[in-house]
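Labels A, B, C and D are assigned to the chains in the order they are written; within every chain, residues are numbered from 1.
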Amino acid sequence: MIQKVVGSLEEAVAGVFDGATVMIGGFGEAGSPIELIHALIDSGAKDLTVVSNNTGSGEVGLAALIANRRVRKMICSFPRTANSTVFPELYKKGEIELELVPQGTLAERIRAGGAGIPAFYTPASVNTPLAEGKEHRVFKGNTFVLEEGIRADFSLVKAHRADRFGNLVYNKTARNFGPIMCMAANTAIVQVKEVVEAGTLDPEQVVTPGIFVQRVVEIAHPAHESELVAAKRRYPW
Amino acid sequence: MVDQAPKGWTMNEVAQKLALDIPDGSYVNLGIGIPELVADHVPEGRELIYHTENGLLGMGPVPSPGTEDPELINAGKKPVTALPGAAYFHHADSFAMIRGQHLDVCVLGALQISGKGDLANWSTGEPGAIPAVGGAMDLVAGVKHIYVISQHTTKTGEAKIVRECTYPLTGKGVVSRIYTNLAIIEVQPGGLYVLEMAPGVTKEYLQAQTDAPLVGFP
Amino acid sequence: MIQKVVGSLEEAVAGVFDGATVMIGGFGEAGSPIELIHALIDSGAKDLTVVSNNTGSGEVGLAALIANRRVRKMICSFPRTANSTVFPELYKKGEIELELVPQGTLAERIRAGGAGIPAFYTPASVNTPLAEGKEHRVFKGNTFVLEEGIRADFSLVKAHRADRFGNLVYNKTARNFGPIMCMAANTAIVQVKEVVEAGTLDPEQVVTPGIFVQRVVEIAHPAHESELVAAKRRYPW
Amino acid sequence: MVDQAPKGWTMNEVAQKLALDIPDGSYVNLGIGIPELVADHVPEGRELIYHTENGLLGMGPVPSPGTEDPELINAGKKPVTALPGAAYFHHADSFAMIRGQHLDVCVLGALQISGKGDLANWSTGEPGAIPAVGGAMDLVAGVKHIYVISQHTTKTGEAKIVRECTYPLTGKGVVSRIYTNLAIIEVQPGGLYVLEMAPGVTKEYLQAQTDAPLVGFP
């Protein structure tokens, strides 16, 4: 019987190796899989390349992963947000790499990785510093830049509900990068508020079909990043 | 002429004028900050649909205190609401809307705009600064009409509408119109045409506040 | 007030011009917008380039559009199905053009057109006659072929429910090409079994957000193509 | 040796052997026709998830008469059912699963298979024939393991397992295993290795029925 639900956060993040590429879902705190990130910190994995839209807030979640020196390189669109001090400080000291990618290009590169598309052309960033050194090409009179798909060894994603097959539904704008990051990872690891019986999720309403998901862990009451940041919490506690 | 500087319109008045120029039924993306003011001024009888690139069409106003949901936010990561008829979607679909030219209008702020409609609004290019681009480059490359809303000059009085942008570009030749406290300016193939000037603003004063040449006036 | 629902099939297909590129949804009869196709025949538009997975059955729907000599060129993956005689006969006589595209490449080209991606690389068709004359390129040791996005002037799509904004949900495997064809058309025209009040469709469950849809028409009791074919019906009746 | 030709396995028996080689929990796409037999032989205790490229994961058996839904069909356009835990999706997402190497096994029929695993299964290349490819080229390019199930020779006794395909290719070097009425053959870098032969089939007989050289036997 197919059973993708695992019993613990430790099992969920097992096997993340040093040097792995890890995608981490979320747009700000919405959709950020904070418990999975903390479990990844506990696992000790280091030298990671992390793909995520932002770089976290305060000293919890993604910011804590960075603060604990587990991240060699960030691939993201917006590393500078409110209450984001950990990444900027390390970056200014030259202690972490940054690959800055326009948000839509980042999303499409992730989707391409998941869809078996090695590269595609996009108009975004043409004539800007972010397109420098990249191949340019004209289609029907307009100039586009070549961008490559990204795949990850692991993705950490937060969704709303899952069944044992790994079918997922999300909550509101916490959906953001979750579905495409599940597609693009060899091992997509998902925390959900609730695991439901097979057949509970309407097949018309499944957002991420289970084929894109390898492990599910139930975290019924996930922490709110903003509350932890406001309380100046720091992980490990 | 600078010593009797007209104040021009308030940014609220500018937002109101910009809102008047967005046709009924448009799909609109509003940048963070001053552009958000536009949503407060949609004329009676018009229905606009707001897109936020983090995955929502049909974004509604700020929720009443105590009803905020940290998983229902806008691109500025602030709590919002969803109107009847809204839809959620993932990031690749959201930027397919943008890149695929399905959005009608995007209103953005600016650091600099050139006379040819080049826009710089993401980085001052200072060494050591943390670069952050977000969705701005995708928006200017994909949305049909890019409107800039901005003070006409910087806080220290320098021109924002320049001959050539000195900051790193967000996009080249992308801006359709510029709405400032002093004037509404259209970017045309021949140059910058002033459509309207704020009360008390003269051609000479406006040009003095503008580095790029203004080639037409109302 | 935004109101994409129109009152008649005639209004729905108004403006389809001679020489237009028209995408037509459906996989076999599932999702085939048969009433819209018949209205397109009635409209008289001709010299069409039609993008659709198949070429229709019997002499109704897409097959009738072809039989009525409105289609100059078909872009499809499988023009030869049970009860499909109209296209093969014209093709053998050299009276209709065919661009044969692998099904997944067809789907991705349509999605790319809708997503503003002018071209992408895919592994499908490499080393086959369908890749001849196309640009090849190696990424990470594997060979891929360059394929361009397709856009349409109009798409005809069948969905299940819609609201006045054009938000859509579909029925089972009739979903197939509908969502991507709505994305890829300047004017996406959709027939639905039911128009519902704004707010009735759960925003989490909308499959095609209304931004991709321009016109909706309610056809409460659409014909079943297979029944018409079995009864040897021919359109125009 | 041909005059005492062994019949070999029935295609049902071949399908049963193939089904045994698909691990528990696999995502599987079955081609139209003989490949569909595989679904009838999944060993007790294993759970496979069937994908049909027209937009369904979790495809179930043929519906009972009278319960067919013309909008719930498989890639062969025949009525099917959806099991608990199924999901519907659009064509681009469906082929993202295929191209993105998310499917474990695809079972296909063949016109010809070469000794290097080239597959021809969509066209005999006859002039005047209506070409039709469907999803076959995407499947062979994207699915992790391509298994062919087929009669060992054509109806007229010609070899299907050939040195070089003469029909237009579906994909080059894509086939992992060949399951026929006479043998189970693995395509390895060094050539075709026979894993198992049907009762009564000798090495000599099998090679005589096979144009490509068989380089290893059980």
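Keep this in mind: contacts are C-beta pairs under 8 Å (C-beta built on N, C-alpha and C of every residue); 3 or more make two chains touch, one makes a residue touch a chain.
Note that the coordinates shown come from a computational prediction; the quantities given were computed from them, not determined experimentally.
S.K.: Count the C-beta pairs in contact for C-D and for A-D, then report the pair with the higher count.
M.R.: C-D
S.K.: Determine the centre-to-centre distance between subunit A and subunit D, using the mean Cα coordinates as centres, and give it in whole Å.
M.R.: 36
S.K.: So what's the Cα centroid distance for subunit C and subunit D, whole Å?
M.R.: Each chain reduced to its C-alpha mean, subunit C and subunit D end up 29 Å apart.
S.K.: What whole-Å value do you get for the distance between subunit B and subunit D if each is reduced to the mean of its CA atoms?
M.R.: Roughly 56 Å separates the two chain centres.
S.K.: Among the residues of subunit B, pick out those that touch two or more other chains and give their numbers.
M.R.: Touching at least two other chains: 56, 82, 88-89, 92, 95, 98-99, 142.
S.K.: Can you list the subunit C residues in contact with two or more other chains?
M.R.: Each of 108, 111, 115-117, 122-123, 170-172, 203-204, 207 in subunit C touches at least two other chains.
S.K.: Which of the chains touch, listed as pairs?
M.R.: By the stated definition, chains touch in these pairs: A-B, A-C, A-D, B-C, C-D.
S.K.: Which of the residues in subunit D come into contact with subunit A in the complex?
M.R.: Touching subunit A: residues 24-25, 27, 47, 49, 51, 56-58, 82, 84-89, 92-93, 95-103, 142 of subunit D.
S.K.: What part of subunit A is in contact with subunit B in the complex they form?
M.R.: 27-31, 53, 77-82, 87-88, 91-92, 98, 100-105, 107-108, 110-111, 122-130, 170-180, 207, 224-226
S.K.: Which bits of subunit C are touching subunit A when the two form their complex?
M.R.: Touch list, subunit C to subunit A: 108, 112, 115-123, 137, 139-140, 142, 144, 148, 169-172, 203-205, 207.
S.K.: Would you tell me which residues of subunit B are touching subunit A in their complex?
M.R.: Those in contact with subunit A are residues 52-56, 69-73, 77, 82, 88-92, 94-95, 98-99, 118, 128, 130-138, 141-142, 168-172.
S.K.: Once bound in the complex, which stretches of subunit A touch subunit D?
M.R.: 1-2, 111, 113-117, 163-165, 167, 183, 198-199, 201, 203-204, 206, 209-212
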